[in-house]
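The first chain written gets the first letter, and so on, giving A, B, C and D; residue counts start at 1 in each chain.
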Amino acid sequence: MDRHAAPLGVNKERVAMLSDGVFAIAATLLVLELKVPEAEGGVPLDQALLHVAPALGAYALSFFVIALFWTAYHRTLAMLHEIDRPILYLNVALLFLVSLQPFPTALFGRYSGEFLAVALYAAVMAATGAVLYLIWRRAMSRPELLRVDTKEASARAFALRLALTPAVFALSIPLAWWSPGAAIAAWVLVSLFTLASRMRYH
Amino acid sequence: MDRHAAPLGVNKERVAMLSDGVFAIAATLLVLELKVPEAEGGVPLDQALLHVAPALGAYALSFFVIALFWTAYHRTLAMLHEIDRPILYLNVALLFLVSLQPFPTALFGRYSGEFLAVALYAAVMAATGAVLYLIWRRAMSRPELLRVDTKEASARAFALRLALTPAVFALSIPLAWWSPGAAIAAWVLVSLFTLASRMRYH
Amino acid sequence: MDRHAAPLGVNKERVAMLSDGVFAIAATLLVLELKVPEAEGGVPLDQALLHVAPALGAYALSFFVIALFWTAYHRTLAMLHEIDRPILYLNVALLFLVSLQPFPTALFGRYSGEFLAVALYAAVMAATGAVLYLIWRRAMSRPELLRVDTKEASARAFALRLALTPAVFALSIPLAWWSPGAAIAAWVLVSLFTLASRMRYH
Amino acid sequence: MDRHAAPLGVNKERVAMLSDGVFAIAATLLVLELKVPEAEGGVPLDQALLHVAPALGAYALSFFVIALFWTAYHRTLAMLHEIDRPILYLNVALLFLVSLQPFPTALFGRYSGEFLAVALYAAVMAATGAVLYLIWRRAMSRPELLRVDTKEASARAFALRLALTPAVFALSIPLAWWSPGAAIAAWVLVSLFTLASRMRYH
């Protein structure tokens, strides 16, 4: 920890590691919502597994979205030279939202056809993506926080890509009022598009 | 790991990382107390969510308070050159209290109007803040543990700020006897004040 | 983080640490499936423990298999100089499967005599081993990703050893249709063989 | 990661970090066994808390014992220059036992007066301490694994101290047959003695 870090008391690497820990724990805790059906209830295993299937789908979707958020966060930090206090507090908000994700995931897995569960899930995901976007906007507004080799054009292109995910999740809320299934389809599409665009970009 | 670390067997960075892990896990485990209402019980989702609302509030408050403790701990370690055995044992006590937090949080979320739940929550938070304060007092009493660029005036100011949070939580216990709501308001106020003072300080 | 890492935004050490975190959390969460029998139900402790015994066996098996996967993953990364984007996405798939393991483990502990539970367990383990194998195949196909001192013969031998575990788990699925016990015996044998061959190899 | 680490594929720092993660997660998961009493059951909060008290005691004891194991493990690794494959496999056994601890802790918290629960708790703790002792014996038998400044007298003294905890836990099993309370007292005494001797030693 160099002297420069002392006045702020913020060490980028340590914040990145704590955040990685929260991402890893939140992603792994999702599995606890997959309750094994009780044999005592007399339910045959195949029917019980069918009952668990929506929760398994919600688990897979959330794991994948959290992984996309993590790779975006990872890339954001890779372009930062250091972090300042506003970014530290935005980072705490990000971790709050990431660690909350097992709750809307469980809700969505249990009530996947209901507007309220779908809307809450979309709202938490939209908020998570929005905080990631704000972290990057803050970094762009302070050139001294960025690595010297960051080009403005690629910084703007990255901001646009960061804005896409929360925008789609937010717009899926009114869509879910009309059709929960259409909202879920929009989530899957934006996730696959994000994945594909990242693959092409590199 | 340099030779200097060998006689004590304590490596500051490794203790910091283990502690970060416990902070991250405790903060993330809080979400497990947000039980998704069971559909089988015939409760509509909107009423079930209203039922979960106090637990969600307790979750958000605890996450925020743990994050404030973590940033205070982070800053404490940033000012230390190395740690000695008393600080190691105080650190174990700190981790005990941090990892305990899901229990008073769940209790407070379920019985938020009752004195006993409010008092237990305040007591655990006061104890956590008090141990953080003791770690810093120990460091201040051993100048060889501090970084050479630590000024005495700023060390004293930091001690004062560290003392504020446990003092308010401790004083909120008698206040909760008179009114649980007033105690909770005191917690929120001291948290927001701590956040604001840190923002101004830097 | 050196300049070289910037265009990809992928840092091998950070991915390794996040992955280690997921392995550690998944292995530790397995224990939560060991439900302590309730005293209220009037069941004496010794009978209750007999009831928990299959879940304890499933826990021990899964912990051991996860540990074997982790040491294989650890060794894979030790032979890599850097990782590219396909390996990053294979790594996300690996973490998805690792973090899923508490679910098939719990299922297998509760329904250890049933084909469906045994087959699902074998399928998740086979998929996990297959992704590890694909990570190594990708690394072998890009010599610039490997450390300069990696010999081709040892890379091929390592690929063969990596292929063994998923092959046995996959082949145990039809075997389980005939006899679930034979499938479980095949898992234990391949795990012990893997352990022994690693011990001899070094 | 230097060249020297490559043939074995074992990196001491990375194993230490994974192990720290497992210690941290196991210690933090203990809190999940503190079930918040349900309000619906009509139980007043103060009576419900009395009901939770034994589990809280078991939690505090286990957290403290895990912390003592962690500091012993921490010190062991500080005296090692590198680790070999037998130590890696002993380390996996150690992590298996550490991650298992929430189960005997929950059992002991629920059935604290019964021989079987007390004996199982003591057996897991004795096994954990025994594996730690074996790791150190292995290191002592291979001088090339030790740091050059390790004196043989202090290595022997450390082995003796490492043997004390598992010996007391093992001997407490027959003691528990005669009186569970006496066994628990022996655990608390050895823990406090270990703490005191470490404080004096430094």
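As a working rule, a residue touches a chain if its C-beta (ideal position, glycine included) is under 8 Å from a C-beta of that chain, and two chains touch if they have at least 3 such contacts.
These numbers come from a predicted model, not from an experiment.
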Problem set entry | Furthest chain, CA centroid comparison against chain B | C
Seminar exercise, completed: Comparing which residue numbers chain C and chain D contribute to their contact, where sharing over half means same and under half means different, the two sides are different
Seminar exercise, completed: dist(centroid_CA(chain B), centroid_CA(chain C)) in Å evaluates to 36
Problem set entry | Interchain centroid distance [CA atoms averaged], chain A/chain C, Å | 25
Exercise. Which chain A residues sit where two or more other chains touch them?
Worked result: 17, 21, 25, 29, 32
Problem set entry | Overall pattern in which the protein chains touch one another (line/ring/star/complete/other) | ring
Problem set entry | Interchain pairs in contact, sorted by label | A-B, A-C, B-D, C-D
For this session: Show which residues of chain C lie in contact with chain A when the two form their complex.
Result: 1, 3, 5-11, 14, 17-18, 21-22, 25-26, 29, 32-33, 85, 88-89, 92, 95-96, 99-103, 106-107, 110-111, 114, 116-117, 120
Exercise. Can you list the chain A residues touching chain C in their complex?
Worked result: 16-17, 20-21, 23-25, 27-32, 34, 36, 38-39, 45-46, 49, 56, 59-60, 63-64, 67, 70-71, 74-75, 78-79, 147, 149, 195, 198-199, 202
